[in-house]
Amino acid sequence: MNLQHIIDETFAELEPRRGCGAVADYIPALANVDPGKFGVALATKDGATYCAGDAGEAFSIQSISKVFVLALALDRHGPRLWDRVGREPSGDPFNSIVQLEREKGIPRNPFINAGAIVTTDHLVDDRSHDVAIDELVALLRKMARDDAVHVDPEVARSESKAGARNRSLAYFMESFDRLRNPVETVLAAYFRQCALALSCKQLAEAALFLAFDGTDPVTREVVTSTARCRRINALMLTCGHYDNSGEFAFEVGFCGKSGVGGGILAVVPNKATIAVWSPGLNEAGTSELGALALRKIAEKTGWSIFG
Amino acid sequence: MNLQHIIDETFAELEPRRGCGAVADYIPALANVDPGKFGVALATKDGATYCAGDAGEAFSIQSISKVFVLALALDRHGPRLWDRVGREPSGDPFNSIVQLEREKGIPRNPFINAGAIVTTDHLVDDRSHDVAIDELVALLRKMARDDAVHVDPEVARSESKAGARNRSLAYFMESFDRLRNPVETVLAAYFRQCALALSCKQLAEAALFLAFDGTDPVTREVVTSTARCRRINALMLTCGHYDNSGEFAFEVGFCGKSGVGGGILAVVPNKATIAVWSPGLNEAGTSELGALALRKIAEKTGWSIFG
Amino acid sequence: MNLQHIIDETFAELEPRRGCGAVADYIPALANVDPGKFGVALATKDGATYCAGDAGEAFSIQSISKVFVLALALDRHGPRLWDRVGREPSGDPFNSIVQLEREKGIPRNPFINAGAIVTTDHLVDDRSHDVAIDELVALLRKMARDDAVHVDPEVARSESKAGARNRSLAYFMESFDRLRNPVETVLAAYFRQCALALSCKQLAEAALFLAFDGTDPVTREVVTSTARCRRINALMLTCGHYDNSGEFAFEVGFCGKSGVGGGILAVVPNKATIAVWSPGLNEAGTSELGALALRKIAEKTGWSIFG
Amino acid sequence: MNLQHIIDETFAELEPRRGCGAVADYIPALANVDPGKFGVALATKDGATYCAGDAGEAFSIQSISKVFVLALALDRHGPRLWDRVGREPSGDPFNSIVQLEREKGIPRNPFINAGAIVTTDHLVDDRSHDVAIDELVALLRKMARDDAVHVDPEVARSESKAGARNRSLAYFMESFDRLRNPVETVLAAYFRQCALALSCKQLAEAALFLAFDGTDPVTREVVTSTARCRRINALMLTCGHYDNSGEFAFEVGFCGKSGVGGGILAVVPNKATIAVWSPGLNEAGTSELGALALRKIAEKTGWSIFG
């Protein structure tokens, strides 16, 4: 299978649709991104990464960071994390608070915003939020083998400024005494993780351990255990796209996590990781062109976790 | 890998816990089942089926039938079925009507009761409900290579008698003009499909096409297309256990569909199908011992769709 | 105060707006009513009734009948009725099923459809539905002093034929074992009570006991106790217009009950009853012109239960 | 009617039940109140106030202040206030956020917490929160003819410290751009209004204008217009006790507003105002003994807005 050819072909077929979907506009840093950006990167276990389009340009990965935060928080706390966050799809949008009221401040899963605030709180633990975010950045730099990975301070500031809904979620959980740290400490870390800037290439490479049972296949470094890795992938599959997760599993068939910056990280166990970027989103906040690209790659490679 | 040994060991390790969970008691036919029943059957592509315990005894497969009905309804109607039923986990219990009100009579997915009533309606189509159910039974007999597969008329009658909640769901959808056939026609077929009686062995064998991209690996018969098969598996993974689907994916890592009779059908693409039966249920209506057995088998085989 | 003048003036001021709002169209018998109909009748304790427009023409009172059914059911069963139906505004539309799921088949109040189905069930009690409806008709004839009051059999048949949503509500409650009679028996009575035909004049006169502490001020006949009468009025105020009840209390300030036939019955304790009819409805199913007429009458008379 | 006798008798009959219900314990200032406190005060238009028990002792009126804030906010902004808050009972608890999500940040009514935060925001307007609260205190002092009326700074501080749920509500509305002032400014005023300390006697007297169409019957001072006064009373009736409002209307038949400090303010148009205080609450946050006292007074006086 000529993967470079598949990536190039996918890119060429979809290039005419650059700009489809609606760019997130709740902060200037996202609203001002060129809607025509489109990048694809596919990383494999032998260390090769196949790229097309704007795959080398850093973008705001936003909620994709929740996957890495979950991995770190689980390694820090183990299964005790699951006392404060569930493992079920919510059936609701990413920022919904309805379920949180019915279930007394326990978010349904770690990939909706409320759940990610809880995992961030566990990642911070008894440390300062700076130390926690530094650890996250260090992990990503090491995995991506690229020290350019960074948090964009301007984006983090904007996220905080426009962060009323996330503040509401956090204070709601605080009212049920579900957080370990003060709301503003947790949110300071949360807004910074959302502001991580990586390129498709860096992202696909940084996530490669998820496709290979927790171990980076290039460096042989064990990032997390096999069991934990599979569980993170399971959560990506069932919850990674909020109330569009079922559709993504149905149409694409890979584990995946979307971000409102227009990125999607896909994990195909034992095969590859794929990162795509195109800023225009569908109603559930998943990159429209990105999801199409992944669907085409699934068809062309014949890969699927379901057959 | 000695699969018979794994099945035997799993059975032996869990046998002391026979009887755990709560047996469904809304109809006598289920309430009177011996709670200590426990069977396991694993079918592979070479035609071998590895069994333990009560794997040869027929039980009421209940909602597991929804998988086969979906396959038939999709082959009959193609993607038009998706105009009347969604593909997302609902986050609610199997018989919830809340989402149905919010989304104007369109069930979230074909595996909650409301959604299965819609797929049954499509299976019946413009035929009598008898002809439709006969087609379903014929498929199962052929796939299981066993003419003993049948609908238990006593269970079907009991289902209908205790069927107020399903009637409520069906009339609710009718009030939005979402059904093609009269409510009582659809329900007659629905209650009969719930009353299908198969053994673990028959069930695992009948479902083998789902593990092999739609084609029975033994007879080479094409039951459904590769794409459709993968999509059915995706729906089993995201929605097969109602508001316990995320947990099942997280803990077991197979595609699966539960029934309140205590059966679970698991599909491990490219590897095997596994049917387990133990009547005691957890709160979401999934067999407690059955889920444990599948988890052990996942651990012992190392199989998972997530790694 | 010249009440005839007030009624005439109100009618004259609003006549140009005849036909506003949307006529209910779920059954032909309602859809075919002339949308320009407009009647007003105000009955006082001295036996005088002041009329304007189409006040003498019979129309389908629909949900207004729920008030009389409640009075009869309470007299038959006393406070035990409240074991199966609540006394709180629901905050939801008249035919919502969401609350019913959350509260396990106990409707929030007797004026939403589910609650009225329960009170009808209690009115039927251990009798046939015919006997129960005959009792209701007899009460209305006596109170209205007019034997022309009747159930329109054509409307009742249409209600039943278009009754999927009400069937859904009834079966839902049956699934929680909340009904005393079989669903179809209860619904037969329910659809017939909805089909009661009265004129504004008949309706205002039939309800006069509600404005005078349970006793018809003309005949001195005690229909219900003072305490019960006040409680029925309280329920009309808080729940009589579904999710528009607050607005009606705020804008009009009378106890009231709406029907999708375009009628509204208003009760002004110690003063009068007022029945208005105009088929066009607002979004909550309250007659648009009818509510305006009542608001004008409130302003012109200075009457309000709130001052 | 000997009102002093009725008050004394009511007090004597209920005194043995002092201490019933559960005292609010989310802040020390409320948790430490003697649960046996019980006061009743009834004020009439001739300037007489009939008292019993602890009617002269100041307590934290909490949400009862929402009535006065609404009156002032309406006088400041007129009906434009209703663009940002509804007038319907919500059917949900006082601090529920579910409805707020479904209705995009518009609270159902001004007496649930979210709605009161909006009216407070309008009261503050373009002023500092100190000036706004000073205006509120001045009004209450004037109406109660007692300069002892004050905001308890210790309670206000505790409210703010324990205010995560209210913060969540406020940030949620902010995320829909529904507030005029910064969240913390609005909340500073909100927490202070909750901390108002009045005795039953002061409270009954301060609210007397509500029973007499907006004009203080003693001083003849016009506090608000007749129409506005009746509308405030209507809102108290339909929404004054959250998801217990229907029950209060049904059982007591007065307009009323409860506070978690154990106070209830009741308004009987054209007759009197009644303030009761007993710290033990029912599940909806209404004083248990207080509601019983009002029910007894209703029975003994024969007063009701419904007959």
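Order of writing sets the labels: A, B, C and D. Residues in every chain begin at 1.
In the analysis below, contacts are C-beta pairs under 8 Å (C-beta built on N, C-alpha and C of every residue); 3 or more make two chains touch, one makes a residue touch a chain.
Chains and their UniProt names: A, B, C, D = Glutaminase.
Given the structure is predicted, the values throughout are model-derived calculations rather than measurements.
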Chain D (Glutaminase) reached from chain B (Glutaminase) - shortest hop count over touching chains: 2
Whole-Å gap between the CA centroids of chain C (Glutaminase) and chain D (Glutaminase): 32
Whole-Å separation of chain centres (CA-atom averages), chain A (Glutaminase) against chain D (Glutaminase): 47
Mean-CA-position distance for chain C (Glutaminase) and chain A (Glutaminase) (Å): 55
Per-residue overlap in chain D (Glutaminase), given as positions that touch at least 2 other chains: none
Chain contact graph, described as a line, ring, star, complete graph or other shape: ring
Pairs of chains satisfying the touch condition: A-B, A-D, B-C, C-D
Interfacial residue positions of chain D (Glutaminase) with respect to chain C (Glutaminase) in the complex: 86-92, 99, 108-109, 212-214, 226, 229-231, 233-235, 237-239, 243-247, 249-250, 253, 255, 269-270, 304-307
Of chain A (Glutaminase), residues touching chain D (Glutaminase) in the complex: 96-98, 100-102, 164-165, 167-172, 174-175, 183
